[in-house]
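Labels A, B and C are assigned to the chains in the order they are written; within every chain, residues are numbered from 1.
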C-alpha cells in the first residue's frame, strides 16, 4: 500500500495533473521490469498529462482517473468549485501560489464559498482538501479515495496482466475531455471492444459496506445489458464478493465511452464510499480487496 | 401494417435492444428480395444492436431509433426511469427477471416511483408499458408509437428506395451514444451530406392532428436554415400534407448529427402524437400516411 | 474599423450564417493579396457556412464565431430564443419573412416572449436586435459586439500572421456543432496543438473596463494549467495590458476543443463587455486595442 499512500498525499486537482503524471511515470519506470509483461508506455505532450500502458494484445481497457475535485480562488477571498466538492464550513484546504504555501479553512456555503487565508490568493490558484489518512481493521478513510483507490487498483493490475490497456485519465471530475483523445489513440493503436471503469461509487440503501466490490448496472447512463450480463456470468463461481448498483444519477469516464464514436461496451466496477467528495471518504477494506481481485480476474476472462 | 403490429408488441427498453434487433434482421432477410434494390446489411457486435442498410449510392441517411422509454427496478420495490416516461399512478408494466414474467402497476410520482408486484424484482430489470393497440378510422393509439412508427416508415421506405442509408439506432431515449459510431461508419463506407430523422413529435398549439407530417424547423437544437429551406422547396407541389414545427425543447438523433465531426445537414420529419411517453400515445392515420409518403419522395429528390 | 462596421450591420443568427459567410469570403478575396502571407481558403458546402484560412505552417488556431443570438418566431405572435438573449420588454427587433421586412418590439418576459408586429410572422423566422452603433473616446457600444469584435480581431490578425489557422465558426451561441468538423479537418490538413478563442466575455467584480484584454483561466470549463501558465509567461514584458478571469459559468468554442478527440490546449482571450447579450453591449476601446495586439503577439510566439 506504499503506492497508495504516495498518491494520497499528492495534489492533482482537475486541469493540473502534471505533477501526479510525473510521479506515476517515475513509479512505472521503477516497477515495470518486475511486472509479468513489459508494457508499451505512451505519455507526454501528445497525451497532455494522461498515461497509457499497453500490455500484450488488448481486448479490454481499464480507465482510472488521476484528477481530484477541489477549489479555485477567484477574486478577493472567493472560491469556486472544481468538480463537485461538498461545501462544509471549516474544511481545511491546502495549495500554493506565487507567494508560497497556503493553508486555510473553507467558509460559507454552496451559494458563496470563501477562504480565511490572511492574505489574498492569486486568482486561479487550485486548492485541495488537506489530507488525513486513517486506517483501522475495517476501513480506510481519507480525502480523494475517489479516485486514488482506482489508480491503486489499476497499478496493482499491472503486475499480472497479460493483455489489455491500463489508462490513467485526467479531467474526469470536471466535465471530462481527455477520454475522447485517449479512446481515439487506443482504437488506432490496438483497438478494444470493452472498457472497465476503475472508480469509486456511493454507499446507498442498496449498496452497503463489506458486501464486496460494486458492479454498476447503471448510473445516469446505461451500459448495454448484454455486457453486464456477460460480466455477471463470468463472476459466477469466482468467489469474489460483489454487489449490484442501480442508480439514477452520477457519471464516470464510462459516459465518454458511451458517447464515443466507437462501439465499445463499458462497465463501472469499484468499491463504494461514504462521505463522498469530502475529506473523509470512507471505504471498507474488504470491498477494496474485492476490487483488487476482480480486475485481474475479469481482464483475463473478458 | 403487420410489421407495425409485430414491433409494437416487442420489448426494447434502451440498453436492451438485442431481441428487437434480431427480429428486424430476420424480417429484413425475409423481405429484402422483394425490395427494389438489394441493400448491403451491416449488423452484429461491431455495431452493438444497431442495423444499417445501404442502398445504392447514398446521399442521405434516414435514422429511426428502435429503443423505447421504460423503467428499471432499483432496490426493494423502487423503480427509476429509463428515458423520460410519464409517471402515472396505476400504469400497467411488464417485464421479466430471473424468477419469471412480471406484471405490475406503477405507484407513486416523479419523486418516488415504485411497483406493486407481490415479490421483489431483480435489481436492474427493465420494465415497459403493457401494450394495448387501438385503431379506429382516424387514429392509432398504443404505447411506443414513438418510435415504432418511425421504424415502420423506415422499413416501408426500404421497398422502393434506390439510394440511401436506412439506419436503426439504439439508445436514443436515454442520452444517445450509438449515433457517433454509426455516423463514423457511414462516413467511412459511403458518406452522406444529409440526414433525416424518422421519429415522432408532439401535438402542440401549432401542430394539430390531421394536418400532415411535421417538418421540424427546430427543437432544442437548430438545424441549418439552408437545408430546411431546400426541403420545403422540394415539397412544393408534392401534394403531401405537412405542417411546420418550431419548438424550444426536445431532442432526437438529430442532436448527435449536429454535434458529430461531420458537416451533415439534418432535419426531423415525423407525425405528431398526443399523450407523449405514456401507454396511450395517439397519432392520426392521415398524418402517418403523409409520413409514409414523404420519405420516399424526399429520398429520391434530396 | 470599416470592416467592423460592415459586419455589425449584418444578420447572422445561429443556423442562418450564410449571408455573413458570403460577405466574409468576398472581403477576404479583396484583401488577401495585401496580407503578409497568402492563405489557403477552405469554405463551401463541405464546411457548411464556416471559413478556414491556413497561413504557412500552423501550430495554433484562432477561432472566432460568426453567429449571433436572436429570436425565432413560433406560432401566433410568440417568440423563442436562439442562444441566450436578455429578454427586455420594448427591445427593437428586425428580420425578414416571405411577406417582407419586419420591424417590431419584444414583449413579455423569460416565461413568454412575444412581438407586437401588426401581422403574423412566418413560423421559424429569425429576428435579431436592431443595430445601433455608438462610439465615443472610451467605448464602443452596439448589439453583437459578441462576437463581431472577435471576428474583427481575427480578420486583423490575417494581415500579419505567418503561421496559423484563422477560423470563422458557426452555431457557437446555440449549442455548437461546427467545431467538431472544423477540428477534424484541421487535424487532418495541418494539425495544431493549441487553440485560442477570440470571443467577448463579461465585466465582473474582478474584470474591469480599461484594464486590458482578458485571459480566461476558466469559465464553466477548465483549460489545462500548463498552457495558461505558458501564455502568461510569454506575455511578461510584452507591454500588452491584460487581466485574468476566473469564472464558474459560461462557455465558448473552447468547450468543444476540450471535448474533441484531439489533445489540443485552448485558452479564451478577449475583451470584456457590459450589458451582455443585449442591444447595448459595451466594450472599452483600450481593451479592444489590447485584444488586437495580443493575437499577433501570441500567434508568433506560441
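Simple rule for what comes next: contacts are C-beta pairs under 8 Å (C-beta built on N, C-alpha and C of every residue); 3 or more make two chains touch, one makes a residue touch a chain.
In this text, all values refer to a predicted model and were calculated from it rather than measured experimentally.
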Worksheet item: Chain adjacency by touch: line, ring, star, complete or other shape?
Response: complete
Discussion item. What's the rotation angle, in degrees and to the nearest 5, for a C-alpha fit of chain B onto chain C?
Written reply: 120
Worksheet item: If you average the CA atoms of chain A and of chain B, how many Å lie between those two points?
Response: 36
Discussion item. Which positions in chain A are in touch with at least two other chains?
Written reply: 260-261
Worksheet entry | For the chain B and chain A complex, residues of the former touching the latter | 14-16, 18, 45-49, 72-76, 80-82, 123-124, 126, 171, 174-178, 180-181, 183-184, 260-261
Worksheet item: Which chain B residues qualify as touching chain C in the complex?
Response: 193, 204-206, 217-218, 220-226, 228, 244, 246-248, 258-263, 265
